[in-house]
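Presented sequentially are two complexes of subunit A, the first with subunit B as partner and the second with subunit C.
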Partner chain A sequence: MTSTSSSGTGAGDQTPPVAAAPEPAAAPEPAPAPGAPTGSRWRQVALEIATGSAGVTVLAVVLALLFGGVLIAAADPTVQAAAGYFFARPLDLFGAAWHAVSQAYAALFSGAVYDVEADSFARGIKSLTETLTLATPLILAGLGLGIGFRASLFNIGAQGQVVLGAVFAGYIGFAFQLSAPLHVLLAVLGGAIGGGLWAAIAGVLKARTGANEVIVTIMLNNIAVYLIAYLLSLHSWQRPNSNNPQSPALHDSSMFPLLLGDGFRLHAGFLLAIVACLVVWWLMERSTLGFQFRAVGANPEAARTAGISVATVTVWVMVVAGALAGLAGAAQILGTEGGSGLTEGIAGTVGIDAITVALLGRSKPLGIFFAGILFGALRAGGVVMQARTGTPIDLVLVVQSLIVLFIAAPPLVRAVFRLPSPRSHVGAETPSALTAKEVRA
Partner chain B sequence: MSTVTAPAQAPAPTAPVLPPISLKAPIAYAVVAVLGLVLFGLLGPNGRTSGFAISTRTDVIQVPVFHVPSKLSAALLCLVALALAYLHYRATTTRRRPSPWIAPGYGVAMVLAFLIWAVAGKDSVLPLTGLLAGSLFLALPLVFGALSGLLCERSGVINIAIEGQLLFGAFLAAVVATLTKNAYFGLVAAPVAGVLVASLLVLFAVKYRVDQIIVGVVLNVLVVGLTSYLFSTVLKLNSDTWNAPPGLPVIPIPVLSEIPVIGPVLFRQTALVYLMYVVVAVLQVMVFRSRWGLRLRSVGEHPKAADTVGIKVNRTRVRAVLLGGAVAGLGGAFYTVGNSLAFGKEMTNGGGYIALAAMILGRWRPKGALAAALLFGFANSLQQQLNVIGTAVPSQIMLMTPYVVTIFAVAGVVGKVRAPASEGIPYVK
Partner chain C sequence: MRLELRGVTKRFGSLVANDHIDLVVEPGEIHALLGENGAGKSTLMNVLYGLYDADEGEILINGTPVRFGGPGDAMAAGIGMVHQHFMLVPVFTVAENVVLGNEPVRPGGLINLAEARRRVKEISDRFGFDVDPDAMVEDLSVGAQQRVEIIKALSRRAEVVILDEPTAVLTPQETDELIAIMRQLKDAGTSIVFITHKLREVRAVADRITVIRRGKVVGSADPSASQTELASLMVGRAVDLGVHKAPAQPGEATFSVEGLTVLDPNGVTVLDDVTFQVARGEILAVAGVQGNGQTELTEVITGLRHAAAGTVVLDGESLEGRSVREVLAAGVGFVPEDRSTDGLVASFSIAENLVLDQYDRSPYARLGVLRPGVIRENAERRVVEFDVRAGSVEDHASTLSGGNQQKVVLARELSRPLRLLVASQPTRGLDVGSIEFVHTRIVAERDHGTPVILVSTELDEVVALADRILVMYRGRVVGIVPAGTDRDVLGLMMAGVPADEAAIQAAEHHTALGSADHGSAVQEGGEAL
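== the complex of A and B ==
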């Protein structure tokens, strides 16, 4: 779709029914630039990465970190003192600001990728494994949300689904006595079923009564919070000889195996996340069910006319999304938390963070994978940053949200960096998944 | 016997085709009433009384505390509810509109039956006036938030950022009120904070045409991060200079505030509550009865048509969203100066999302949003009161109830609600 062929109806161009459609039905992407032949999928991917959106992504991250730097500097006491005598010695201010910001970001990097202060390679690289550990639930829940977004279902309920997944997996983990591979498989399956069932409530209500899924999933999130609190107040769910709302510890047989030995928290849940990415890609791009998901998302009326049951698809979208979020809950309790049992805070803010992960990843498995790792890195680094330089971890939330905002609005980023608008690139002007459907004339 | 009348039915081909009668609502009403009758009445504790207080200590006209026999009165109330369910059934089967008083009457009867059961045999009495006043008070941020969402969505912009607007309003109100040592300056600052968040929403949603739900969600995260960061770095270290806001004083309205029950509930409140009455009334009239409101709604329903007759679509939207931000920001003041509380991290605690639900439950109308917000406020207030008195119901289940009720309401009562037709779609001329 270069300037010569831009007179079409837009991103969702449909071939007239008279002409025999030469393109396969499962090709939602706009046709690539004339320079690249349609044959190779890999070239298409390479082209996508190389075009403006990748550049915009990098610049958006830089811009968000710059803004975070301003906040760090503004809160630093040395900088504030230097600002007091700015007109006497202006360089002091910049020196102090540079010192505060570079210290904080160095700590962030140390916590996220490689700890330069560590005395051995194993300790240094622990940061990276921590990043991958924290990314695992974000990727899993983000995949689920991404499926919902592509089917035009705005599912805010990942938080509740993560909680239910953790509840089911945790209960199987501490209440049953089974041998190792069977126990962990059952617990993981339980997590998926827990999340899937919780999401199915919203799906069935939407399909049967038209109840708005945004409200129902918000309500289900709140209900899940009180449900887990209630369960943990029951005698059978409480740790013996303890008054804390915490379940008994999980049996070792139900735990995800650690990938790198005892010194690291990285567990097999990360492999599960990778497998889930592949499965979701296959589901959405190659399977009939995924095609129906996307068809309903693109135009429910047309999907109904084509013989797809919109109600059934709605329920299935929610079940699959919920199952993935439930797996995120399972990864939390069977892996990250090290078997210490179910607590009220087991889900953390995974469900909410996963929304931004799915948005940043543009609802595509590969994008969500990298977005999850980026946010996991910010989170892991944020902990170290707070410990070493006293910069509150809340800064990470600011940086995360700014990254998503800037990526969503490429014209803004280009305006800030005074870049020309790339006319020659396909889709660089409006990344399809993030920009809303425009009114078609 | 009926053989004579049977042929008479044949010549009636002109009768209009009527929609099938749905008995879902009366059946649901009846089932719940019967359950209540069994649980609160028949299985209720024998020989106990439930105490209620109506007057507050400062009232001029004092109504004494009264006790009712628990089992009998709960059973009677459930029977009343059952009778109302029957009336609803009669109206439905004869294809008449059920009286608008049936649903609220039913709700009141069932809630009272539950209250009588919950406080049966307790030493302390349930302060009914306090319960209602608390409901109104706790509903405040939800009302303002829902009105903000309504203004935005009527103009075609989805506002998920209500949560962020409330939180930032709470933050700025606390800081400004502390610095000026005057709660009313906080009340002025709160809408400014809301407008700041709304202007970001406008920038991304209207100018850059980013998906509005995405912008809203992300703005919420941004505000949580920003306020928590500033709280940890600035407010917490010097809370006396930054974060010790004075509270809004209660202003009793002369004469009116002395009416039993109604007085303390409606007219012995802070300025923020009176402001809420005004905002709801003004918006109810303006949105549906004024030229401004007609333009607002036309832009949200069919922007192209509105543009054709000369209404500036995007300008109208920008103004509506900014106004909505101001309203939500004002609601945020509730959390700090309205409550005489210092600002705390994430202190709105999902209130903005509940406000969104209240707006949809109220079908995008100011009156409906008020009613829905009061429902949530009542549930919260009830939970607080029963926590003090102590009851057999676990507190987690009590806290869960409003959300469960909302799901039922959305699925059963509201069903397929119709949002403004063009919401969420940026307008490109």
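== the complex of A and C ==
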């Protein structure tokens, strides 16, 4: 049968009119233009922001702060007292609640961005520099975790990698005597190597044996904690004339330079974090290694079929992620802690908070940068809030947790703000694209 | 029972999957619902079976409107469904599966297995199903499992049985048996709704044919309509079902597989001493029912899986033991059988997918750095060349229809010089238009002098494209036969019957589909696809 013809068999009578007029085989048309003028592109962007992940993130933060406000009010003694005679004077309650919440959040703002009560600009802006200082390790470690998430590796091991980064950087910092730029560079490099090697253990175990990276990295976190405790018990790591588990102070030559002079803690580690954001963006979007990372993360089967070695990628992802977390550890010990040396608590909760930062930042460098700043701000502001209004800093933890909760449930946020679901917009495009190619009936 | 659907509409968001569909199934009728993948057949049946709630329209049984809150209601009303993927518990016996969810109970809450067996036996005997009530479902052939599903429906007194793409998993002989069963059910007064996109089956068995396209009923036809007419109706434009290809001009055999044996992780032999050669400019079609070692064969060739024994040689170079990357670099193009899992990264752009296995080679990258401009330009060119209907090459691959996704995979694999093309199920789930396109490109690659291995479970495709046909059964090569071998012979070989024996058996007994072919060949004066 070489050509189409509707003549022939006995179906002539039954054949409905539709089939009676066959059309010529559809000529391949060029790919249809997107159909919409460029003007609607902005509308698209606006919709994307409002309904897509970025918008949900912002709204989740807003919602979490609102809930936090309710908690502040509920925990405030004046508000509680006013609630006792609510029916007599209801306005008292709202007044008291407003007062408590606005005072607490004002203090939070003062601690995080600009202290309005400060007597000079320098003192006022110190809050912002604190925020940036606290954000630095969160951004660095968050970038590492974000790479893992995008490659489908749920690396929970940033804490241990931060510790190892601090151990390596710290040791180079106090044990060697070198000239300034070289010393700090070596210490930073050591931090990256320390974190990278620690993470590589998990990567190799996963690649070789299929071990679950979540479990392995959690265990490595524990091991790291005991490792640092062990190291600090060694004579060569002990600070002379001290009974505390603390290493000798770092040489000044190994320290990150302070960016704004002695009055501020903000150090060059923050610049490192900015550079790391750019490098990670470049790595993921522009390098062939990043292409492999993303391909394995999005569809390991297809990546394997396309000749990408999933095992090798797994190891590399962990190494890069660990190196970034190690840099966070280096930023802690070479900058934020002011050279006071290695302690068991050097990593704080950076590795854990960084998970939240990476999730909040949607695993993308820019998102992680802002998420890190937000968490730094909450942390810096929380301290001031506790000091000035007595609102416990734990509230900050609650707000952070609520943010994650809301982000994990985008439909909830959309429901609260009555946003349309993004799917309906996608759906609106598909059928029209379909009908465009082959019409009629 | 007379079943009627009136104005049934089902929307998913803004997509109208069913648009005011009217359908009447008369008692004792085999009613074929014909349409391409994604036309809305399954959605309609899921509405009928109570799995979806219709947005508009009503279902009438014997003229009375009914509402189904779930499959339970539908079953109670006498509607049974055999899903494309069987809903059976493999480690239960036939009897246990049949009564599952509807167990006869003895006092004390114990299942009355004797009663269950009796039910199975009764139905099995009535229709000559030959199913042992005590057999484990996992030990049964696919055809037998399907009969268990049918028994399950009948045991709940189904008067209308919906068969959703029932022949997709069957050999031609099993299909033939199914057709016989359908006719028996019909004679016993049971109506059957037969969902399919296979034209020859529809013509062989249906009493009436309703054609659905893009969620709408576009017409009904009589089974005597020609395949071309049915296809045109289904697709909405004139369709040429034939594949135009000149006779093969095979050159030297540059690819060979010898004594290839593969074990699965449990040590079970999945590929057993497979030997064949493919010449330049030749399409070797690998036919067989799904799951007889074809997947493993393609995986070994491409380096995704390692062989326990045997050699794979391309142009004198050994391929086995090489990584996928090295195999691809050696000039092997691979169209994997499951494009959404193995062929594409759905969340990657079309442009990125077009270089998925070449992203790190010149000109797409230099010194480990991607060159987005070159990648994009390449995509713009391929999209035109392969007629991929996409808004922009930066759109995610997931926004494409199945046919266009497959074109992306083909465009990627055919866009570099090949020394071997392995295409596995290249047209599965595609619309007729895309199938034509894919077939044309594969033949073009052959004419370009590339040896081609085409793995397909669709006999139509095998017959249309093959220059030689290799039939696989249980990991072994049953035989390699020339193109033009009788379908019935191929069907028997797919069930493990050696070629010569199959030829004798086929001569004695033609299958229903085979006979339909012979009939239509006379009517239409040519070989239809």
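Worth pointing out:
Here is the rule we go by: the second predicted complex is superposed on the first by the 356 of 441 C-alpha atoms of A that agree within 3 Å, B and C clash if a C-alpha of one lies under 4 Å from a C-alpha of the other, contacts with A are read in each partner's own complex, and residues count from 1 in each chain.
In this section, a contact is a pair of C-beta atoms (placed from the backbone, for glycine too) under 8 Å apart; a residue touches a chain by one contact, two chains touch by 3 or more.
Bear in mind that the values here come from a model prediction, so they are computed numbers and not experimental data.
Using the contact criterion defined above for the overlaid structures, shared-chain residue A:Y226 touches subunit B, although it does not reach subunit C. In the superposed model, A:Q400 makes contact with subunit B only, not with subunit C. Once chain A of one complex is fitted onto chain A of the other, the partner contacts of A:R286 are limited to subunit C, with no touch recorded for subunit B. Once the two complexes are overlaid on the shared chain, A:T356 sits against subunit B while remaining clear of subunit C. Within the superposed three-chain model, A:I274 lies out of touch with both subunit B and subunit C [touch as defined at top].
Of the two partner chains, neither subunit B nor subunit C is touched by A:A180.
Residues common to the contacts of subunit A with subunit B and with subunit C across the two structures: 430, 434-438.
Contact residues on subunit B toward subunit A in their complex (touch as defined above): 204, 208-215, 217-219, 221-222, 224-226, 228-234, 303-304, 345, 350, 353-354, 356-357, 360-361, 394, 396-397, 399-400, 403-404, 406-407, 410-412, 414-417, 422, 424-428. Within the complex formed with subunit C, the residues of subunit A that make contact are 1-6, 8-11, 14-19, 22-26, 28-35, 285-289, 291, 294-295, 298-299, 301-309, 423-424, 426-431, 433-438, 440-441.
Note for the complex: subunit A touches subunit B at residues 71, 75, 154, 156, 201, 205, 208-212, 214-216, 218-223, 226-227, 229-230, 233, 352, 355-356, 359, 392, 394-402, 404-405, 408-409, 411-412, 430, 434-439. Of all residues in subunit C, only 12-16, 213-214, 216, 218-222, 224-226, 228-229, 232-233, 236-242, 244, 302, 304, 323-329, 334, 336, 341-348, 352, 356-357, 359-360, 365, 368-370, 372, 383-384, 387-392, 399, 401, 433, 520, 523-524, 526-529 touch subunit A in the complex they form.
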